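Take a look at the structures listed below.
One chain, subunit A, links the two complexes that follow: it is found with subunit B in the first and with subunit C in the second.
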Partner chain A sequence: MSQLILFNITNGLIVGAFYALMAIGLSLILNLSGVINFAHGGFLVIGGYLSYTLTPYLGFWGALIVAPFLTAIIGWLVERLLIRRVYGRDPLYSLLLTFGLAFIIEDGTRQIWGAQGLPVSVPAALSKPLRYEFFFITGYRLFMVAMVAVLIVLLFVLLRYTRSGIRVRAGTLDLETVSALGINVRALRSLNFSVGIFLAGFAGVLAAGQLGLDPNMGDGLLMPSFIAIIVGGVGSLTGTLLGGLLIGVAAGVTAVFFPSASDAIMYVMMAIVLLVRPRGLLGEEGMLS
Partner chain B sequence: MVSRIIARPVNRRTILKSAAAAGALQIASPFVISARAADNIKIGLDNPLTGTYAAPGKNEEIGCQLAVDQINAKGGILGRKIELLSEDSTSGDAGAAVQKARKLIERDKIDFLVGNVNSALAQAIAQVSNEKGVLHIVPGGHTDPITGKDCKWNVFRVCNTTRMEANAVSQLLYTKYGKKWHFITPDYAFGHTLYQGCEANLKKLGGTITGNELTPLGITDFSSYLIKARAANPDVLVVLVQGNDMVNCLKQISQFGIDKQIHVAGTQQELEAVEAMPPEARVGVWMFEWYWKQAGANPGLDKFVSEIRKRTGKVPTARTWFGYVTIHAYALACEKAKTIEAKTVAKALGDMELPDDVKCQPNKVYFRGGDHQLMLSAFIGELMSKGDGDPENLFKVNSVVSGDSIAPSVAETGCQMQMPA
Partner chain C sequence: MIKGRTSRLLVLAAIWAALIAAPYWMPLFGGYTALGSRVLVLALGAMSVNFLLGFTGTLSFGHAAWFGLGAYGAGFCLKWFALSSPLGLLAGTLLGGIAGTLLGALLVRRRGVYFAMVTIAFGQVFYYIAFQWSSVTGGDDGLRGFSRQPLHLGFTTIDLLNNADAFYYFVLVCFAAAVGLMGFILRSPFGRTMIAIRENERRARFLGIPVELHIWIAFSLSCFFMAFAGALYAELNNFADPRVLHYALSGDFVIMAVMGGMRTFWGPLLGAIVFVVLQDYLSSVTVNWMSFIGILIVLIVLFFPRGILGLIRQRSAA
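So, the complex of A and B:
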């Protein structure tokens, strides 16, 4: 039994890392632009399907790099043409806009690539378990976790040591002052949104290898990301990362004892955090409340 | 200027509300409205076009539309043209499905209702059709009670019951693979009755169950269940989930190499799911409810396959056939009854046998008058990783057994049919 729990904790970390990747992109956009991006799952789907279309030309590795960039470009266009117009308005506007966008992307995907799921194969070297005893640690899953780790470290480095990154962090705290200092807030937000969508696109390519593709694959991954943000604390990227890992582990361990509750446990955790510590585990007090 | 650029702060409550709305996103869906004429016979299709069952829902619609076009080309039903009104029921929201059924019946005044892929939704809209006295065929919701203890005079079903599916493969899995079974079961009506059927059969055969993992519908990650299933060390891992869940589950099974250690099998398998899997995930013994590639000459089947190929570029699946057979059965019953009045047509449909060009399969295929269940053949065989002779021929049929040989008797289903006077 203890081995079973240990296995499920490790497995939960793997799953949670993936939730965290989604949630961090979502959180990045929320922090600077105040937009709760419902279409985030949609961009994930776009990333996955683009990599499917590109794989015959670029191979798995080429598509892994190019598809997220293309998704980010689509994200940038969407920000310039649509999202930008609702900044400064009641959050309801951006909610409705991205909500509608999520439907459009889902149905658009269904129109272009079909309602039926599409198979995605990963390179043979990655598609096997590493060790017989730890069969759930496949090369691909390890690769996913490594990619998530690299991306998150890269993101934190960018935010800490580059000029734009520092501006993004400053903007999260006090956008008005940042703007008063002569920084182009519009461009900063466009850049920030594109980075968030890049992460969604990347998550999509990784998810495609793990799950295959279908037009509503984003739906099932969006909710855990929201919960990761709330549990981890709004405004804190580290908190979001922690939140993602936590709900992954909680779902995994619950599956050992009450399989049918493994989905519900995430909501239970969210409820407990909201009751006991409403700002989330690492959310800064008063930051966004 | 600055104040226009700066967003209002988003607070925790807004995020909470959005999270609730994100949940709604998974179940909400757009409206589909088609043009209509006054004197046509109207058929309402209340089936998923979005969500996890969008692919089977779409294929049932394609099958329905082909049958409608064929019947209209021959002059319609009793000289009246028929038209198909399609609504998106969503894949799992019974409230939405019921609302669409009411809309079709009350506002569009349909004469005949078709739906649903999802068992729970099929049960929910059967309540509505029964209350309104509208003839209703369930094309693809399998849970037993629909033609069992909840059977209704106006409700018929063309796909198998879960019990028939369990009966079709239980014996084979037991003798071929072993007596310790572990289940991965979707946690709703369909999964529950399918599991009960398998459980009863396995007990009768003398086997044991090492565990049953009830999984939420639409879950993407099966790894924690698979870890548990493997630790239980069964002879057979029986996968009962469907749709995208089936794809995800089998894909993870093959990535983990579990299929090399434990036999993987299940009851119902569908071409939609198999085509969405990578070759290495296509493993195990299963039953198809209908399969496009059959031994022996069958002109009706060939015509059906080529018509669907012409329309979609793909072969028909069991879902396409469900849609096709639903509309044709209705038309035949109306012609037999010489009316479209629901009660008379329902009587004509009971015990009606389907002709060759509609049934597209061997064995006698007929509706049982006692429970309104179609007795259709089960195609039992194994998945093939690569297409044999045709890229879409991914299933090797080992045997085709008749529906009445796997169906429980009417008395055993618990159905007590009350035909109205």
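So, the complex of A and C:
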């Protein structure tokens, strides 16, 4: 029993770390630009499929690095051509725009790579269980968590110590003042959007190794990311990280006792948060509302 | 002023005449009666979304939840409790409306983008429930084994099941009742207050209007209308599956409202006609219809954010 619970908590943490990676990308874009990126799941799928196509040429490790960058470039183009035009308009329009984009991306992936799911193999060194008693902790899962941790630490360091990072954080609080200080807000938003999409692409590559590929795979991962943001609180990246881990673990623990309720538990958590602390665990009052 | 009034009456008469005569003129353009019923039902859904979006300025991106609950409610009623089409509608409307009202109390604590996000996420709860709880809902296969029943009016019985035209008129009567009620509410002092909140929430607050309460009531009313549309949808298809609860459908409703013109009363009907007919046509000619719909959405957002009616109004004002 205790091993089962341990298994599910570990599992929950792994899943939660993954949700957090998705959600932090979404949160970055939402905080600075006020755009809920419905197409985030779509970019995740693009990342996954790009790595699939690149693996024969670059190997697993090469694809792991290159695919997210390519995804980020696609994201940058999309921002320059489309998303940029709806900044400052009613949030309705950015929602609809990315909603339409998600349709196009899903159909496009199906057109290019086929509607059938594709299996993805990971290097043998990563797919073995580490120890017999803990059969569930495969190398790949540990690797996923490690990669997510590295990326998130890197992101927080960049936001804290680089000039652009500080500008992004300042822009989250007061974009007008940042603009008035002579900073190119348009370029800042483009960069910020691309970083968010980079994270989505990376999440896609990691997810492909664990779940395989499927044109709809982004769909099931988008909602938990939304919930992670709401639970953690809009405006706080640390909150989003915390929210992602929390709902992951909660889903994992629930799976021990009520397997069929493990999807629903995160909604219950969201309801409780909204009831008790509407701004979210670490959210700022009045942010985007 | 009188001229404006007569022209408005003329437009109204034209709309209703076109709807009443639809089974006769639609086949000329390659339409069929069931498509007409579908347009009406989805238009009612889009108008319910617009009731909230266009007149209170509150964007719910999860309204498919109430639509779907209405559909499942009607299905449960017809399958297990009562073999009656009107009772099915009532059951569906109550299920979706009450669920929406209860959750709405929680939702109205947030605004703007946040509200949209919370409504999407909460809407998905019901999708997962319908998906997982297959012993009751039929899971992914959907709820089957029920069908709409003949309508007994005392002096006569109308066969709604096999006579597509009769069912179209049944839907039209329901549509007219719901839309009439909607128009009545919007013209009442309550409806005017909704518009005041949309135009300037802060000023409305200073006037002593309890804004949260008004938004909650508007949200709940919109949920009841939505659930009514959903119940009709279940009776239209004799079937309900989890996709009627999915946020993709919520997005469809919002795009219908925006495409038609979201600050107008009749815009969503126009939007629904264009959207449903286009979707029906595209999915019959190409497997890539999703891309076309996606491109359409992007184009509307970028170039016609006021929608068809908004554009016409702007032209005639200029």
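Keep in mind that, in the parts below, the second predicted complex is superposed on the first by the 289 of 289 C-alpha atoms of A that agree within 3 Å, B and C clash if a C-alpha of one lies under 4 Å from a C-alpha of the other, contacts with A are read in each partner's own complex, and residues count from 1 in each chain.
We take it that a residue touches a chain if its C-beta (ideal position, glycine included) is under 8 Å from a C-beta of that chain, and two chains touch if they have at least 3 such contacts.
In this text, all values refer to a predicted model and were calculated from it rather than measured experimentally.
> Is the arrangement of subunit B and subunit C around the shared subunit A a clash or a fit after superposition?
Aligned on subunit A, subunit C clashes with subunit B.
> Is A:117 contacted by the first partner subunit B, the second partner subunit C, both or neither?
In the superposed model, A:117 contacts subunit B only, not subunit C.
> Looking at A:34 after the superposition, I want to know if it touches subunit B, subunit C, both of them or none. Which is it: first, second, both, neither?
Both partners, subunit B and subunit C.
> Once chain A of both complexes is superposed, is A:67 in touch with subunit B (first), subunit C (second), both, or neither?
Neither partner.
> Using the superposition on chain A described above, determine whether A:278 touches subunit B (first), subunit C (second), both, or neither.
The answer is both, since A:278 touches subunit B and subunit C.
> If you count the residues of subunit A that each partner touches, which comes out higher, subunit B or subunit C?
In the superposed model, B touches more residues of subunit A.
> So, A:155: does it touch subunit B (first), subunit C (second), both, or neither?
neither
> Could you say whether A:223 touches subunit B, subunit C, both of them, or neither, answering first, second, both or neither?
It touches subunit B and subunit C both.
> Is A:101 in contact with subunit B, with subunit C, with both, or with neither (first, second, both, neither)?
Once the two structures are laid over each other on A, A:101 reaches subunit C alone.
> Per the contact definition in the header, classify A:199: touching subunit B only (first), subunit C only (second), both, or neither.
neither
> Of the partners subunit B and subunit C, which touch A:249 in the superposed model: first, second, both, neither?
A:249 contacts neither subunit B nor subunit C.
> Could you point to the stretch of subunit C, among 41-49, 113-121 or 203-211, that collides with subunit B in the superposition?
So the stretch of subunit C colliding with subunit B after superposition is 113-121.
> Of all the subunit A residues, which ones make contact with subunit B and with subunit C?
Overlap of subunit B and subunit C footprints on subunit A: residues 30, 34, 36, 38, 89-91, 95, 99, 102-103, 106-107, 223, 226-227, 229-230, 234, 260, 263-264, 270, 274, 278, 288-289.
> Show which residues of subunit B lie in contact with subunit A when the two form their complex.
2-12, 14-16, 18-19, 21-23, 25-26, 30, 49-52, 54-55, 57-58, 187, 213-216, 218-221, 223-228, 230-231, 244, 247-248, 251-252, 255-258, 272-273, 275-281
> Which positions of subunit C touch subunit A when the two form their complex?
Listed in rising order, the residues are 53, 59, 61, 106-107, 109-118, 120-122, 124-125, 128-129, 132-133, 251, 254-255, 258, 288, 290-291, 293-298, 300-302, 305.
> Can you check the complex and tell me which residues of subunit A touch subunit B?
3-4, 7-8, 11-12, 14-15, 30, 33-36, 38, 87-91, 95, 99, 102-103, 106-107, 110, 114-121, 127-129, 135-136, 138, 140-141, 175-176, 179-180, 185-186, 207, 210-217, 219-223, 226-227, 229-230, 234, 251-252, 255-256, 259-260, 262-264, 270, 274, 278-279, 288-289
> Where on subunit A does subunit C make contact in their complex?
30, 34, 36, 38, 82, 85-86, 89-93, 95-97, 99-104, 106-108, 111, 223, 226-227, 229-230, 234, 260, 263-264, 267, 270-271, 274-275, 278, 287-289
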